[in-house]
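The same subunit A turns up in both complexes below, where it pairs with subunit B and then with subunit C.
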Partner chain A sequence: MRDEIREIVLDYVIREYMEDQDEEITYDTALISGGFIDSFSMVSLKVFLETKYGIKLPDEAATPEAFDNVESITDLVIEFLNKK
Partner chain B sequence: MAYSEKVRSTYQEQLQGLQEAGIFKIERYIHSVQDAEIEVEFPPGAPLKKVINICANNYLGLSSHPDVVAAAHVGLDDRGYGMSSVRFICGTQDIHKQLESKLTEFLGTEDTILFPSCMDANAGVFEAILNEQDVMICDRLVHASLIDGIRLCKAAQDSFKHSDMAHLEEKLILHADKRNKLVITDGVYSMDGDTAKLDEMVALCEKYDAMLLVDDSHSSGFIGRTGRGTHEKCGVVGKIDIITTTFGKALGGASGGCVSGRRELVELCRQKARPYLFSNTIAPPVVAGVLRVLDILSKTTERRDKLEKNANWWRQSLTDAGFVLQPGDTPIVPVMLFNAKLSQDFARDLFAEGVYAIGFFHPVVPQGKARIRTQISAAHEMHHLEKALAAFIKVGKKYDILGKTKKEITAMYGA
Partner chain C sequence: MHHIGSYDERVKDFSWSISEQELGYKPGDNINIGWYCTDRICQMGKAEKIALKWEGIGGKEKEFTYNEIRILSNTIADFLTKLGIVAEDRVCLFLDRIPELYIGFVGIVKTGAIAQPLFSAFGDESLIVRLENAETKAIITQKKHVGKVRKIIDKLPHLKHIIIVDDNAKSPLQEREIAFEMENTPKVEHFECYPTKAESPSVLHYTSGTTGMPKGVKHVHYSLISQYLTAKWVLDLHDDDIYWCTADPGWVTGTSYGIISPWAMGVTQCVNDIGFSAEAWYKFIEKHRITVWYSAPTAIRSLMKAGEEVVKKFDLSCLRHLASVGEPLNAEAVIWSDKVFGLKFHDSYWQTETGSIMISNYPGMLIKAGSMGKPFPGITGAVVDPETYEQIHETGKIGLIAFRPGWPAMMRTYWNNEATYQTKFKNGWYIPGDRAYIDPEGYFWFVGRDDDIINTGGHLVSPFEVESALLEHPAVAESAVVSKPDFVNMEVVKAFVCLKPGFDATPELNLEIMNFIRKKLSPLAMPQDIEYIPSLPKTRSGKIMRRMLKAQEWGEEIGDTSTLEDD
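And then the complex of A and B:
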C-alpha cells in the first residue's frame, strides 16, 4: 500500500507543481525547503490528499515540514488512513 | 535593560546566518539623480563610479524628467509638503481626487482609490472585498505583495501553474461552489518579463463567473499601444475588474499606488482597506508629479515607443551574442545564468566594467534559475546600450557561457 500511495503522491506533485519537464524530483527531494513548492501552494496538495483518501488533515499536521518530501507526505497519509 | 546581550545575540545570529547563506543585502549609495547613468559609491567609502544603470524600474525615464520635477515643485508650493492626516479625516485635497479621476480615465476603469504604495494596495484590497465564502486563485509567480495581501484575507486560497490556462480552468471548476472567485495575476512578471494571457484569463473568468485582478506595476505607462497597460496589449480594456499599480516605477518613480476597477470594489476599499484607513496618502508634491506624468503620456507615445525600440534591440543583441534569455517581449530581459554564485560573480564583473545590474537567485527566483535581470529604459541612448552589451559579452566570454545551452552552463557551474 505504501508504494502505491508514494507513486500517486509523486505523480500528483510532478503534475501539479513542476513547471519544467527537465526538473527531476524523487521520493526524497526537498519540495518546500528546496524551493520547488512554496508553502502557499501546499493548499492544492492538501485538498488532493483529503479528497483522494477520504481523510481530513488538520492544519497542525499539514505543516511545511510534513509536506517537504514525497516520503514524509506518504507517512502522513498512512498515519491518517490508520486513524480512520 | 530589556535589550540584553542574550536578546541581542539571537538577532546577531540571524544576521550572521544571512551572511553565511550569501543572501545578505548590501545597498549601493547613489550620489546622482536616477537616470540611465548614475554615480555610485560601492562598496561604502569607495570613490564614486559612473555606471550605466540597467536595473531600475525607470522604464520611461521620467524619474528625473524636468517637467515632472517642475510640477512637483509647483505642487509643493501650492499644496504643501504633507497632510498630517489620513484621507477620511482631513487628508484629501482636490489634487488627490483629480489624480484618482485621471487614473480612472487612463486605465479605462470605473473608479480609482490611491494608496501610499502598491504594496499597500495589494495588502489591503483582498481583505476589503472578500470573506470566508470566497476563493482567491493566484498565479504561482505573482509578486510578494500580492502573496502578503492574500495571506491577510480569510477567503480560501489556491494557485495555478504560471500562465497555465488549463490548470487555471481546473481550479475554477474545483472552486465552483464558492460565492465569489477572484483570479489574481501580475500583468508583466517582474522577474521573468513575460506577459499574462489576459485575453484568455478574461474569457475563463467570464465562463466561470470569476473576477480578475491584475497587478500592472511593471506595465502601466508603457505596455500596450498607448501605454495603458497589459489589458490594452491583450485587447481587454474595461474587462479587468481590479487593476492595482504603482507610481514608483514608470509613472515617475517616486511612490504611491492605487486600486482601480469596479465602482463597488473601489468604494469597499475606501470604507474598509486598512492601509488606506490607517496611513497617510501620497504627499502633495508626488501627486502633482504623477498628474504631470499622466499628462505627458496622454499627449504622446514617444517615450514608450523609444522604450520598445530600445528593448527589442537589447533582447535581439543579447540573443545574437549567445546568451540564454528568458523569453518575452517587454523591457525586462533576464539573462539566465542558473547558478547563484555565477550570477553574483557576473554582476560584480559587470560593475567593474561600468554596468550596474543585479544577480537574482533563490529564494527571489526559483532554485536553479539564477539570473541577471536587465531592465531597459527610454532614458537609455544607443551608446549606453552598446557599452552595456560590450560589457556583457566581455564578462560572458570570461565565464565561457556564450552560445552555451542551459544544460551546458549548469554542467559547468551547477544549478
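And then the complex of A and C:
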C-alpha cells in the first residue's frame, strides 16, 4: 500500500506543481522548504489527498513539515487511513 | 544610536531636502535609481563591499560585490539597449528571487526603461492582463516560466523580446525568444546611465482593484528620496548592517525596500529563494548574521505556529531590529517576538500607490502592540469622514485613512487609467482605502479595508478578477468571492459558486476549480474554500452583495438588506 500511495502522490505533485520545470523530484525532495510548492498551493494538495483517500487532515497535522516531501506525505496519509 | 533620534524633533524640523542632501541630489539634476544603487556606492569607496548574498534551491549560494552588481547591471543595460529598448519602454521581470531579478531591475532602470516586476507564481491569465495593459516590450524570464509566456504570446503584439536567463540549449528557442546568461556574457565595464530626471518613470507595479482589472501604478525616479530616508529612519539601516527583506520584488516592498533603498544606502542584503520553513529561516538568519529583518505578519504568524522550541536551536543574537509590513500586525505577534527574540516587530503601513512607508513604529519610540504607529515625518496623515472627507479630530472615531499628497514616492498615475487615479483624491486628500482611528497619543489603529479587496498574506487579491476567471470554468454559472478569516494569512479567498445545470458539487469538482484558478491566476488567488449555493444574494439592480456573504464569513452583522433582490 505504501508504495502505491507514494507513487500516486509523486505523480500528482509532478503533474500539478512541476509544470514547465526541469528539476527532477524524488520521494525525498523538499517540496515546501525547497520552494517547489508554496503554502497557498499546499491547500490544494491537502484537498487532493482528502478527496483521493476519503480522509480528513486536520490543520494541526497538515503542517508544512508534514507536507515537505513525498515520504512524509505518505506517512501522513497512512496514519489517517489507519484511523478510519 | 538610532538614525531617527527623536521622532518629535524630526517631525518639527522635517524637509525632504534632508534626503536630497544626503544623496547629493539637487533639484533639476539627473536622478537615476540604477546609478544611485551601484555606481555611486562604488564611487563612495564601497566597490568591494558585498551588496548581495543569495541562497537558492538545492543549496546554491552566490555573493556579489557592489562593483560586480555595477558591472552586471551595466551588462544587462547594454544588452537591452542593443535589443532596441529605449527610455520609457516597459520591461517586465518575471523571475523567481534569483540574482538576475535584483540586478536586472537595476539594469533596466539604468537604460531609462520602466521596470515592470511581476510575481513569478502568476498564471497566464494574470500575466496577460498586466502585459497587455502596459504594452510591455520585453520580458526577462527563466525556463521554468517561459511556458506561461508562450501560451499568451500570440495575443501580445507589443511584446518583441522574451529574454531567457537560464537557457541550456536543450530545446530550440521559439519566436521572439533570446538567451541571455548574465554571468556568462562579456562584461560591460562602463555604461552611461540614461539621464532620467525626477519625474521620469522608473517602476510599474500592478495592484488589484475591486471592480476593474489590475491597475499599473506608475512610480518615478524621484521616489528614491522617500525610499532612502524611510529605510534609514524606519528600518534604521546602518553601514555595517546585514539586512534581510523577505518580500518578493514582484510586489512593491520587494523593490522599494528589497532593492532600491538598501542598495542606495550601500548596505549588504541577503536574499533567499527557498520556500518557507521556520528552521530554514532561522538558519538563514544565524548563518548570515542578519541584523535587520523586514518581514510580514503572515510569516511571523507562521513562525509563531512553529513554536518556541525551534527558535532555541539557533543563535539569533545577531538580530537588532525587526520590522513588518503587508497587513496589520496583531498585538500577539509583537508580544511573541519580544518574548522569543527579545525584540519587538515594528509594524509599518503603506501600499503600492504610496511607494514608501507612510505610517510606522520607529526605533526608540514606545510601541503600542497592535498599532500601526505614527505618520512618517513630513507626511500629513489623518482619518477623514467617509462621506464628507472632512478630517475627524475626535480621537477613537473610525474614518478613512488619508494623506496630503506631495511626498516624493507617491504614484504619478495609473497606467492608461488617469480617470481611476483621480478618484483616489477627495477634498485634497489621497485616500488609500483603509479604515482606522487615531488614539489620544496620535497612534493610528487599523480597522479594515473600505472595499472588497482581499488581503491574503499581505498580497491584495481582487474578487472581481477571481470571479471573472471562475466564469471560464465550464461548471460555473456565477460566483461571488470574499475573504474569510485565517490565522496565518489574516484573510484567504473563499468562493460562493452557483453551478450550471448538469454539474454536481463534488470534492473532485472542488479540487478541479481550485487548481483551475491556481494555474490561471496564482496560488494566492486560489479559493481555499468553495461553497456551492443555489443563487447569490443580489441587489434589485442585479449587483452581487458580497458584503452579506463576507459578513457571514466573519460572523458580523449583515447590515442593511433593503436593496436585496426579492426571491
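Definition applied: the second predicted complex is superposed on the first by the 83 of 84 C-alpha atoms of A that agree within 3 Å, B and C clash if a C-alpha of one lies under 4 Å from a C-alpha of the other, contacts with A are read in each partner's own complex, and residues count from 1 in each chain.
Operating definition for what follows: contacts are C-beta pairs under 8 Å (C-beta built on N, C-alpha and C of every residue); 3 or more make two chains touch, one makes a residue touch a chain.
Keep in mind it's a predicted model, so treat the numbers as computed, not measured.
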Fit-or-clash call for subunit B and subunit C when the two complexes are aligned on subunit A: clash
Touching partner for A:34 - first (subunit B), second (subunit C), both, neither: both
More subunit A residues in contact [subunit B versus subunit C]: C
Which superposed partner A:3 touches (first subunit B, second subunit C, both, neither): neither
First, second, both or neither for A:43, with subunit B first and subunit C second: both
First (subunit B), second (subunit C), both or neither touched by A:24: neither
Segment of subunit C intruding into subunit B (one of 91-99, 325-333 or 361-369): 91-99
Shared contact residues on subunit A - subunit B and subunit C: 16, 19, 22-23, 34-36, 38, 40-41, 43-44, 47
Parts of subunit C lying in touch with subunit A, wherever the complex brings them together: 57-58, 96, 121, 143-148, 168, 273-277, 279-280, 302, 456-457, 488, 507-508, 510-511, 514-515, 518-519, 523-524, 526, 528
Subunit B contact footprint on subunit A (complex, rising order): 16-17, 19, 22-23, 34-36, 38, 40-41, 43-44, 47
Subunit C-facing residues of subunit A, complex: 16, 19-23, 30-41, 43-44, 47-48, 50-51, 64-65, 68
In the complex with subunit A, residue positions of subunit B that touch it: 140, 147, 150-151, 156-159, 161-162, 171, 174, 362-363, 366-368, 407
